[in-house]
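Sending over a structure as C-alpha cells; questions will come in a sec.
Chain lettering (A, B, C and D) follows the sequence in which the chains are written, and residue indices restart at 1 in each chain.
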Amino acid sequence: MGSLEKLMDIFENPQKEIDEWKKDGKKIVGHRCLYVPEEIIHAAGMLPYPTFGTPEPISKADSYFQPCACEFVRNIFDLSMDKKFDFLDTMVLCNTCDAVRHLYNMWDSYIDSVPCYMVNNPQKMYDESGIQFYLHELEKFKELMEDLSGTKITDDALKNSIELFDETRRLLKELNALRMRDIPAIAGSEFLRVSMASMLMPKEKANLLLKEIIDEVKDREIKDGDGPRIMLTGSVMDNPTLIELVEEMGGVVVADDFCTSTKYFWYETKPNSNPMEAIARFNLERSVCGHTHPVSNRYDYMNELIDDFNVDGIIYFNIKYCHPFVYESATIKKQLEEKAPVLILETDHSLSGLGQLKTRVQAFIEML
Amino acid sequence: MITAGVDVGSLTGKSLILKDNEILGWSIIPTGPDSSETAQETMDKTLKEAGVSFDDLDFIVSTGYGRVVVPFSNKNITEITCHAKGANWFFPSVRLILDMGGQDCKAIRCDENGKVTNFAMNDKCAAGAGRSMEIMSELLDTPLNDMGGFSLDIQKKLAPLSSTCVVFARTEVLGYLHEGTHKNDILAGACEALADRVYTLLKRVGIEGDFVISGGIAKNVGVVKRIEEKVGLKANICFEPQIVGALGAAVFAREILEKKAKKKKG
Amino acid sequence: MVTAGIDVGSLVTKVVLLNQDKIMSNEVLSTGVDIEGASRKAMDAALNKAGISLKDVESIVATGAGKKKVPFESGQATEVMCDTKGALHLYPSIGGIIDIGGENCRAIKCDADGNVVDFALNDKCASGTGIFLDAMAKALRVKPEEMGELSLQSTQDIEVTSMCAVFAESEVVSMIHRKMPKYDILKGIHKSIASRIFGLANRILLEGKIIVIGGIAKNVGLVSILKELMDSELVVPEEPDIVGALGAALLARERRA
Amino acid sequence: MTTKVTAPGKKNLETTLEISKAIRAYYAGVKLAKMEGKPVVWSYGLVPREIFHAAEAPVLYLEHLPLMIGAKQLSGHYMQIAEEEGFSRDVCAFHRCFLGCSVAKEREPYLDKFFVSPDLIVASNLPCMSETKSFLYSADYHDAPYYFLDAPINTWGKDVPEYAIDYFAGQLQGTIDFMAEKGIHVDWDRLKEAVRLSKKLVELWREIDVCRRAVPAPISSVDGLTAAYPLIQLPGTQLGVTLFERLLEELKGKVERKEGVLEDEKLRLMWFGVPPFYNMGLLNYGEKYGAVVVKSMVEYIAGGGYDPAILDPDQPLKSLAYKALIDIVNPTAENMLDFIVDAVNDFKVDGLVGVVKRSCGLLPGYMRLAKDTVYENTGVPTTIFDLDGLDIREYDDATSKANLDSFIEALLASKRR
C-alpha cells in the first residue's frame, strides 16, 4: 500500500508502533503538550509519545475531576485509570492551563503504574529571565531522562535530535503547503491523521514516509475541493470527526491551528551553539498556543495562516471548560471577523449532539 | 417556473409552492413519526391546493431538521438560511430574525438580500423551545392558540417558574394550581421564562434593524409581546409564521434554477 | 412501642407502621397535588390495616420531598438518612444504596459500621428519573409496572440519542411509528437512564453490595442493565419503594429510645 | 428566576463592621484619585499588593465589585451582559461579573460609586488562568497598557528553589518599572516598610486564627470572610495592622468569656470552595442543627496560609516572590492539602463542605484530592456538591439544602455512635 495509507493505518492503530519500539526493551515517555521538549527525550534514546484522547464518554474520571475540568483532560485521566497508558515509562506534563495543572495533581496522586513529571515552563515568551528559569528546569528534566534511560545525553545527541525533529516539522510544513492551492492536494481530515501519526511514531521512520507521501500527493486534486475554504482553530483536536463533518457539509478544510498539527510544525529551532538553549528558545520564542503571552504573536501567527491559505471562514472549536480558548474566542472574535466570518462551536471533547453541530456547520457554510 | 419548499420540523411539516414570485399554495401538518412520509403528505396537500401536479415542479428544496430524509427534494438547506430568506421575502427590510420552533430557537442576522451574516442557536434542552409550551398547554389544558392571550391577562401576579426543567416544572405548576393560583398567572410565568431564554440568543447576535419572528411560537402573543418589550422593537409577523422556512426554501429553489439558466446562456 | 415513618415523595407517598422492629402494615399511594391530604389518607389506611389509631403511634418521622408539609409528624429526617437506616435494617452489611424515585435519584455510600461516608444527588435535569420513565410508558402505551419486563425481551440494540427527557419522548414516538418493536425501544430508554444513574453512582465510586430502592427499583429491565454497567453486586429488596418510609419509622423509634 | 430564598449572613463582631467601612473608604479613595487624574491600576489574584501600597497607587482589585454585586444579588444581571459580549458560561463567574459590570451601558448608582476605568493593568496567572485572559479583554476594551506577571507554578512544596524566586522577583521588578513608566513610583524604603507591616499582619492573623480555634467557636466564617479582607487588600499598610490588632482584642475577649456563635455547639464544619456571596445565610443554615462553619478556605487565599518568618524586609522582592509562590492556591496540591489537613486538626473540624463553582478553573480541581487526603489523615468526611458562589441564576436552594441536611444528619448520626 502507498505511504499515505501506511500512515493512516498507523494513526488508526498506533499499538503496532509501540510494540515494535518496546520489543527490544526501549522506553517510551508520554507527554501531553508541544511545549514538552521531545528532543531531550529522544536524545536519551527513548520515544516521546503524545497522548491523545478517545471519543468515548467519561466514566471513572468523573469521581476524581469535577465535571468542570475540560473533558479532554478528564478523558486522558479516564484512559490512564483504565491502564490504557501503562505502556508508558513515565508521563510528562507542562504548565499550560489550569486543567493540565490539575491533571498533574491527579495523576501524581492516583496513577501509581506510571510516574508523572511536570516541566515548569514560563507562560511569558521572549523574556530572558524566563529563559534562564526554563534552562534550570530543562537541566533537571535532562537528568531525569538520563536516569530513566541510563544513557548520558551528549550535546551531539541533542543536536542530532533537534535536526531530526526539525526535519519532521519541515516535511509536515511542506505537505501542509499543498493545501494552499486553489484545489488542495490533501484533505484536512487526511492531513490531521498524517500529522498525528508522525507525531507519535519514531521520527526516523516518519520522515521517510512523509517524503514519499509528498511525492504521492503533490499532483493530486482532492474532489469537491472548490468549496468554501475553512480554517479550524481552538482547543485540542485529536480526532478528525469534526473536520470530516465540515467536509461532508461541503466545506474544504484548508488550514487548522491545533497542537496536533500546524502548531506542532509551523516554526523550527533556531541555530544555537548550545543545544539546551536552542531548545529553550524554541519553546519560549514560539507563541502559538492559547496560554502564552504576549498574545500579539499568536494573533500574528493566526493571521499569517488565514492569509497564506486564503481562508473564507473560520470555525473556532471550543471544548467546554477549556479556559485558555474559551476566553480567547471571546477576545479575538472581533479581530478574526475582520479577516473572515467566524463560527464558534462550543461542545464537549466527545462531540455529543452531533446533529445540532451539523446544522450549525451547514448553516455557516451556506452563509459563506 | 414553479418551485417548492418543504420544511420538516420537529413538530410540524410544512410545504409551499411558488410560481415565479407568487405563492400558489401551502400546507401545515403535524410531523408524523416518519419524516419522509410527513414530507410526502404535506407536499400532496399543497399540490392539491395549488392545483398543480408533482411533475410541474421544476425544483424542490427541503429544510428543517428532517431535511435530509425528504426523498423527492433536489437539495437540502438548513432552516437557518431558509428562515432568513423567507423573512426577507415578506419584509425586505428585515435584518434580525427569531425563529422559534418546537425543538430549538434561532436568532439570525441577515443582509438586504436575506443572506445570513450571523446566527445563534439554543442548546439541547427543551426549556426554551416550543415543546415546553405544548407541555404547559397540556398541563393547564389550554389550547396553544389561547395560551398567549391568557398569559397577558394576569389576575394576581406572575407566578415565576424556578425549575429550568420542563419536566420538573410540571410539579411546580401542579403545586401552583393546588394553591389556587390562576391559570393565567402560571402561563405568564411560562411565557416569561421562554422569552427570557430567547432574549439572550438575540443579544448574542446583536439587536438592530427590522425584526421578524417566525416559527410556530410567533403565534403566541404572550411570548411575542414579552420579547418585544425586552428588545424594544416591534416584531413583524407574517400571516402564517410557520411557513416562513418552507417559503425560503422555495425561493432558494427558484434562485438556483435562475442561476443554472444564466450559466447556460453565458 | 409503635412508631411510624412517612415518605412523601414527589409522586408517591409511603407509610410504614412499626411495632418494635416488626412491620405492622404499610401503605403506598400517589401523592398528587394535595400533599397534606395524601399523607393523611396514607396514614389512615395504614392505621386501619394495623387496626390501631393515630394516638397509639408514639412517634412519627417524615421524610421525602414533601416532608415539611406533613401535619402530624413528630420529627423529620432526610431521605439519605432514612434510605440508609431502612437498607441497613434489611441487610446487615452493605456497600451502598441507589434510590431511584420519581423526581430524585440518589447514590449513597456506607462504611462497614453503616455510617454514610458519601452521597450524591441528581441535578436539575429530569433525564434519569422515574418521571421520565413514566412519560415514556405513556408514549408507548404500557403500564410503568410492565415496561421493565417487556424490555427484557429485546433482541436488538437501539440508541435513544436525545439527552433531554422531552426530546427523547418525541424521538421515541417516531420510533413507535417506524414500527420498531416496543421492547427494543424500551431497552434503549432504559439504557439511556441507566447510564445517567451509573454516572451518579460513579461520582462517589460505589462498590461492594449495593441495595437498589425506590419505586423504579421494581423495574427489572433497568436494574438488569445497571447490573451490567456496574461491576458490583446489586440487590433489590422485596418492597423497594417503602425502604425510605421503613427507615423513617426506625428513626422514630431510635429517637424515642 | 430564583424566588427569594436568599438571606445575608449573621455577623457578630464589631471589628468586621469597621473592616467593611475601611474597605469602602479605600475604594472611595480610588474613585477620588481617578477624579484627581491619578492613574488607576486594575489588578487581582496573587499580585503582591504590598508593591501597590508602597507606591500609594490607587488600585481597583477585581474581586471587589463582583463581591458587592453578589451581595446585592445583581450578579445575574451583569453576567448576562458579559455573556452577550460573547463570554461563555464556562468563564469564571467573578470575571464574567466584573466584565459585565465594566462594559455595562449603565450601572447601579451604588456600584458607580466604586467603579473606575483602568489606566494600567497588572495581571498574574496565579491563582488561575482566568485572570490573565479576562484582563486581556479589558486591556483591549479600555485600551490600557497591560503587564503580565508570570508566576511559575509551585512544583517544589515549601522549599522553592532560588532560581524560581529570582524569576518571580524579576517579574516584580518588571511590574515596578512598568508602573514607573506610567508615573507610579515605588519608594524602596516604603517597600521594605510594607513588607515589615505585611509580616506583622500575618503574625497577627495567626494569633487571630488561634483564637478562632476555641470551642465554642467565637465567630463563624461569615465574620471570618470579612475579617480576611485586610489580609488580601491591605498587606503592607498600618491600617491593616491596626484593624487586626482590634480584631484580636475583641476575639480574645469573646474566648475568655466563652462566647460562642452557639452555646451548645454540636458540629464544626469547614467550607471549601467559594461561598455563596448572594446568600451568605447558607453558612448559618447548619446552626439549627448546632453546626457552625468555623472556617472557610477562601479566608486563607493570598497570604493567610504561610509562615510569616519567610518575609525579610531587607529583601522585599524576594520575600514577596517567595510568599506568592508558596501560597496555598499555587496550583500544585501539596501546600493546599497540608494546609487543609492542619486546619481540620487545629479547628477540630467534623466535616468538610466542598462546593463546586463550575466556572472555576482552580478550586474544583482540589475537591477530590482534599476529600481523600483529609479522610486518610483525619477520618473526617467531605460532601461535594455544585454551588456557584456568584452566579445566582445557577443557585438551587432545595438541592443545596438537601445536601447540607443529609450531610449534617449523617455526621450527627455517626458522632452519636
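Convention: contacts are C-beta pairs under 8 Å (C-beta built on N, C-alpha and C of every residue); 3 or more make two chains touch, one makes a residue touch a chain.
The shown structure was predicted, so the numbers you read here are calculated from the model rather than taken from an experiment.
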item: Set of chains adjacent to chain B and to chain C; value: A, D
item: Far-end chain from chain A, centres as C-alpha averages; value: C
item: Euclidean distance of C-alpha centroids - chain C vs chain D, Å; value: 41
item: Cα-centroid distance, chain A relative to chain D, in whole angstrom; value: 36
item: Interchain centroid distance [CA atoms averaged], chain A/chain C, Å; value: 47
item: Residues of chain C engaged with two or more neighbouring chains; value: 124, 163
item: Residue numbers of chain B (touch at least two other chains); value: 124
item: Multi-chain contact residues (two or more partners), chain D; value: 86
item: Chain contact topology (line, ring, star, complete or other); value: complete
item: Parts of chain C lying in touch with chain A, wherever the complex brings them together; value: 161, 163, 195, 198-199, 202-205
item: Residue ranges of chain C touching chain B (in the complex, touch as defined); value: 10, 32-34, 103, 124-126, 131-132, 135, 162-167, 170, 173-178
item: Complex contacts: residues of chain C adjacent to chain D; value: 77-81, 84, 113, 115-121, 123-124
item: Residue ranges of chain B touching chain A (in the complex, touch as defined); value: 65, 77-81, 104, 115-119, 121, 124
item: In the complex with chain D, residue positions of chain B that touch it; value: 160-162, 189, 192-193, 196, 200, 203-204
